[in-house]
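The following pair of complexes shares a single chain, chain A, combined with chain B in the former and chain C in the latter.
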Partner chain A sequence: MASEVEETLKRIEGQRGVVGTVVCNADGIPIRSSLDGVATAQYARLLRKLTVMAKSAVRDIDPQNDLTFLRLRSQKCEIMVGLENEFLVIVIQNLHQ
Partner chain B sequence: MGPLVFQRGCQTRALHSTDAEVQTVSTAVSSTQTEPQDHVTEQLLQHEEPEPPGLRDFLRQVEDRVIKELVKNARSHAFDGYQVNWEDQSQLVSCRHRLQHPSAQERSLHVTSVSWSCTGSVIACAYGRIDEGDWGTEKSHVCTWNLDRRGLNPKQPDLVIDVPTTVTALSFHPNQPSLIAGGLYTGEVVVWDTSHTQDPVMAQTGMSADSHREPVYQVDWVPLQKRGEFGVLSASSGGRVLLWTLDPDQGGFVLSAGYALVRQQVPHSSRSNYKARGSSHVGVTALALSPWDSDIFLVGSEGGLLLKCSFSSQTLAAAPSEGQSVTLRAPAVFSFRPRNSPIHSIHCSPFHRNLFLSVGTDGLAHLHSLLQTNPLLSVRVSDSYVFDVRWSPTRPLVFAAATGQGVVQIFDLGRRSLRPAATIDQGGANQAATCLAFNSQNPHLLAVGKTDGTVNIWHLSADLTEQSPRETVQLELMAREVVGLHV
Partner chain C sequence: MEIVHVYVRRRGDFGRQSHFSDRPAELLVDIGPDPPLADGFIHRDPRDVATQSAQEMSEHQVNTERFESESRGINHVEGGWPKDVNPQEMEQTIRFRKKVEKDENYVTSVLQLGSVMENCIKQNNATDIYQDYSEDEEAADEVQEPPAAKTVNVFRDPNEVKRTVTGLSWHPDGNRKLAGAYSCLEFQKASKDMSFDSYIWDIENPNRPELTLKPVSPLVCLEYNPKDCHTLAGGCYNGQIAFWDTRRGSQPVELSSVEQSHRDPVYKLIWMQSKTGTDAFSASTDGQVLWWDMRRLSEPTERLVLDLSREGSLDAALGASALEFEATMPTKFMVGTEQGLVLSCNRKAKSPAEKIVCTFDGHHGPVYALQRNPFFPKNFLTVGDWTARIWSEDIKESSIMWTRYGTSYLMDACWSPVRPAVFFTVKMDGVLDVWDVLFKQNEPTLSIKVCDEGLYSLRLQESGRLLACGSRLGGASLLELGPSLSTLQRNEKSLVAAMFERETKREKILEARQRELRLKERSRSEQSREDDGAKEADGQEDPEELIARAEADFFSAIDAEIKRRQKEEDKHREKDVCEEKEVRNGAE
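Moving on to the complex of A and B:
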């Protein structure tokens, strides 16, 4: 039974240029992913670290503010991290034709 | 009285023993075996596991935001053409070193050829005189400098190899940093090994029936059938192009293939009115190998002929046999539009398989495609002779040309106007710049040799060495402008 979770992830992955998505929990352990095991572990681990640092930077500047979204643009692709509560969703988008 | 003797004894109680027998009454057969296990890949995600609490809500909340960003990104032009450069940008072209060999300077020798080693840290230059009418019996040198060494003395080469005649061509081995191949005025081809300081000559063709009789104007290392092995291709003004392999046992060269260019066998393109006149051989003054197709090589002659040749050509040459050990073949398969003056240098583009440049005494640089006779583009480099042309190893549209006025002009074909993008002028107007070489390991460096006996190492500015995003596309478009080619 295709759950709502799967449907939502499929909608995200269907957007133009999306290479993969990874959903992790608060501890950085990937829960759902469309990439292979090694890449998933890598993205989850590294972006978790970066997200924690970004979040603390935003909150240090203004304790009432909070991080909602993080985007990294590199030469080859764009990595987007959406946060809420204790989960994060990492989406990798490649727009070069 | 005798010794005291005692006697003791012991004995166990009686051992009871009995015999018994056992026998199976009924038998049954049974066996066990494991079933082939389904290969269970370790998965971090188990879809059968119940979703962690809150996952569904989380995705519901975050989905809209993420999709909005993805769509906005797909439509955005914010980063079009945006390029980040983490390295320092230098805007100037500056002269890093001016290398000289005092003994060569005293005798007013010219620099005839420069070559960088495969590691990019050693520059070798060959001395001699290229004036017409000079018999070239002067002794000359091949000098090397290691630019990465601390304590580099520009006036003192690290290694000086004495050579009995003028060296007319030089080329470092593409893989082994200590081997240099050279061509001499007498027609000999030599390979020096710079790691043997006592006797650097590793192989020499000598004056045999196989070797050239006229000055060798170009030597190149050619990859052979066996991977990792290279042969030396030499071209001389006697119309011969010879492929030599090194014989490690005898310390000499073995002629592995020979090609002779004879005027009657030059393919005539339909539009050229080139009339065969004068001696029948085609004196080769320029040679280029194609990095894309190992069968093709290009030849330029002192009569202005520009030919595409093939290593695998089977046509026999119409040249009289002089007792060579291999039969000479005629390699020319295609003739480009000839010029009126000698061609001094040809170079194939490292970025496009069909493009190459040729320069000669008429002061023009022609951009040719291998597919047609007429050049695609003609650029006026200088009013005097142009001795050497090289494509930049990093920018597909940039090339540098060395002129007889001593100036090196750098052109960028991506610009609208065909005036040079940069001009390198060291001064000394009567000193021609005879040769130049880009350093492929460190693409900012350009070595230029001049007739005053100096080798100048120039450091190029960032805009001449850094590739911009659309260059390969522009080059491809230029290459497609071949007449009759329907894109």
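Moving on to the complex of A and C:
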């Protein structure tokens, strides 16, 4: 089971343009990451806060709804955050054009 | 049916004091119910009544007091770990991580999200999902936004005693800094504890000036050196010129000597285009224009006295209140005077007498601003008394275009650096006017009341979007112009060129006609005075002679009038006599 997880994450990291991945839990603690410590901590902390706010926004509008995915596009890269079962998978991808 | 109450009083009781007293109620009329009428009405059941059970609200605006904030960085340490795990210990953290990785939830979630993630990533790699496909179509520029400007920031004088912002200058690179010269120009109103400082502001931070400049006397004007963005030169209230280097602190690096400087406040200082990049010239109301080399401020390199009689005497000189210099024409410059004349001068003239080339007489009061149109250097804008005028260098008699006489004094003006048809003026009632000569000529296109007190100075940033104006109480407001005012419109240059040419031609024709009329007059008066042998009123006359001539004219006019009246009276008397005679003849 653990190896499947590893495989999945390796496959994602191997895709074109991906800079790194971070998996963190409900408290914002990074479980697994392909970036260095400082960057990992930064991404985990900041995106955790953002997803909490986004989630509450979605649920305020419709309590039956829930946030599943968050895409943040900036000038240099795109940050994608997937939410499931209180875990966050964060992927940072460079925009090639 | 009327209900009437009648009471009777005797005539004799009228006028007596009223005595009020209580008395029991008296039934005047009793209207009982009328059953037959009730049949004409139907009960309404049910009834619809609208109510609102919302809270009553009213709109209210609040402006908080300025909140001083500072940006500081904080170093975050890792956190969020559960109590039993020490984040510093590698072992414990690794153990914790391993534990989570074994969790069922973790595995399923990550697998699930992995596939979703891959989808998105591949999508990104395949195509730019946010690409704008409608970019190639022409932007619909028929929809013109109305010209607008809004205040972005206000930079207030940090001192207790507020001084007027008399000069503004933008930083030459990057335009992120604004230098303001603060002084009190009102005669003898400067109080003893008025500070002499002038400030350089960073436009992002209105709370505190970035740099304070400490001159020996308040600065009336301040200019950044366009070649070297760290140096500034300022003209002081006492006539001295000071030179700063922002890398060297707030004290002036050099100060001109008091004996050699101006004797009145230096109203304008402009940097010149020179190889060394250290030349500047200044003008003041004492009638002199001085050229300086910033490395040696002990004495000016050149001096010009604005004396129209070309004698160089300071007594007869005109005070200068505005100065203009265009880098594309380095030998020419223009001076606006307190007397309302604009002098066009040539720096490279052989003798001092020839330095003043020609004059333009237009304003009734001091010319406070003078600037050539950046696109059409032959036309320049002047502002003084209550009007703004546009001139063409070829027509010396009058301006080619002018605004109506406004209600308050115009203090400063400048052309827009990006649009040749737009210029801005500021007035003593705190209003900024934007004039677009292609759009409306008799009224400003946009009038904004920037503040309650008068506005004294105005400067536009090179990009044409930002504008700074300074007020009497030390507030420099930064305004941002809407896109319609700061982007060059289609055909604008050619339209403006055509307009200026047209107006110039019109003035030329008028001028020619005036000249013709004057010639005719002169030739006529010459013929009539030939016999008298009187001198022609040509050239300059002594004021006494003028007075004597005026008196003589006056008395001769009165004599002529008296004679005329006498003649008429005589005529009347004659007529009466004739009539009498006739009557008598008739009677006889």
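In the analysis below, the second predicted complex is superposed on the first by the 94 of 97 C-alpha atoms of A that agree within 3 Å, B and C clash if a C-alpha of one lies under 4 Å from a C-alpha of the other, contacts with A are read in each partner's own complex, and residues count from 1 in each chain.
Following the convention adopted for this analysis, a contact is a pair of C-beta atoms (placed from the backbone, for glycine too) under 8 Å apart; a residue touches a chain by one contact, two chains touch by 3 or more.
Please read these numbers as outputs of a predicted model, since none were measured by experiment.
Asker: Between chain B (first) and chain C (second), which does A:D27 come into contact with in this model arrangement: first, second, both, or neither?
Answerer: Touch partner of A:D27: chain C, not chain B.
Asker: Let me test your reading of the model: by the given contact rule, A:D36 touches which partner, first (chain B), second (chain C), both or neither?
Answerer: Touch status of A:D36: no partner.
Asker: Tell me the contact category for A:R71 with respect to chain B and chain C: first, second, both or neither.
Answerer: both
Asker: For A:L95, decide between first (touching chain B), second (touching chain C), both and neither.
Answerer: both
Asker: Looking at A:D60 after the superposition, I want to know if it touches chain B, chain C, both of them or none. Which is it: first, second, both, neither?
Answerer: So A:D60 meets neither chain B nor chain C here.
Asker: Contact-wise, after the overlay, does A:R45 reach chain B, chain C, both or neither (first, second, both, neither)?
Answerer: second
Asker: Does the superposition put A:S3 against chain B (first), chain C (second), both, or neither?
Answerer: First partner only, chain B.
Asker: Which residues would you name on chain A as touching chain B in one complex and chain C in the other?
Answerer: Looking at chain A, the two contact sets intersect at 4-5, 8-9, 11-12, 15-18, 23, 25, 29, 31-32, 41, 69, 71, 73, 78, 80, 82-87, 89, 91, 93, 95.
Asker: Which of the residues in chain A end up touching chain B in this complex?
Answerer: Counting only chain A, the residues touching chain B are 3-5, 8-9, 11-12, 15-18, 23, 25, 29-33, 37, 40-41, 68-69, 71, 73, 75, 78, 80, 82-87, 89, 91, 93, 95.
Asker: Over in the complex, which chain B residues touch chain A? Could you list them?
Answerer: 41-45, 51-52, 54-63, 65-67, 69-71, 73-74, 79, 84
Asker: So in the complex, which bits of chain A are touching chain C?
Answerer: Those residues of chain A that touch chain C are 1-2, 4-5, 8-9, 11-12, 15-18, 23, 25, 27-29, 31-32, 41, 45, 69, 71, 73, 78, 80, 82-87, 89, 91, 93, 95-97.
Asker: Which part of chain C faces chain A closely enough to touch in the complex?
Answerer: Residue positions touching the partner: 76, 78-82, 96-97, 100-102, 105-118, 120-122, 124-125, 128, 130.
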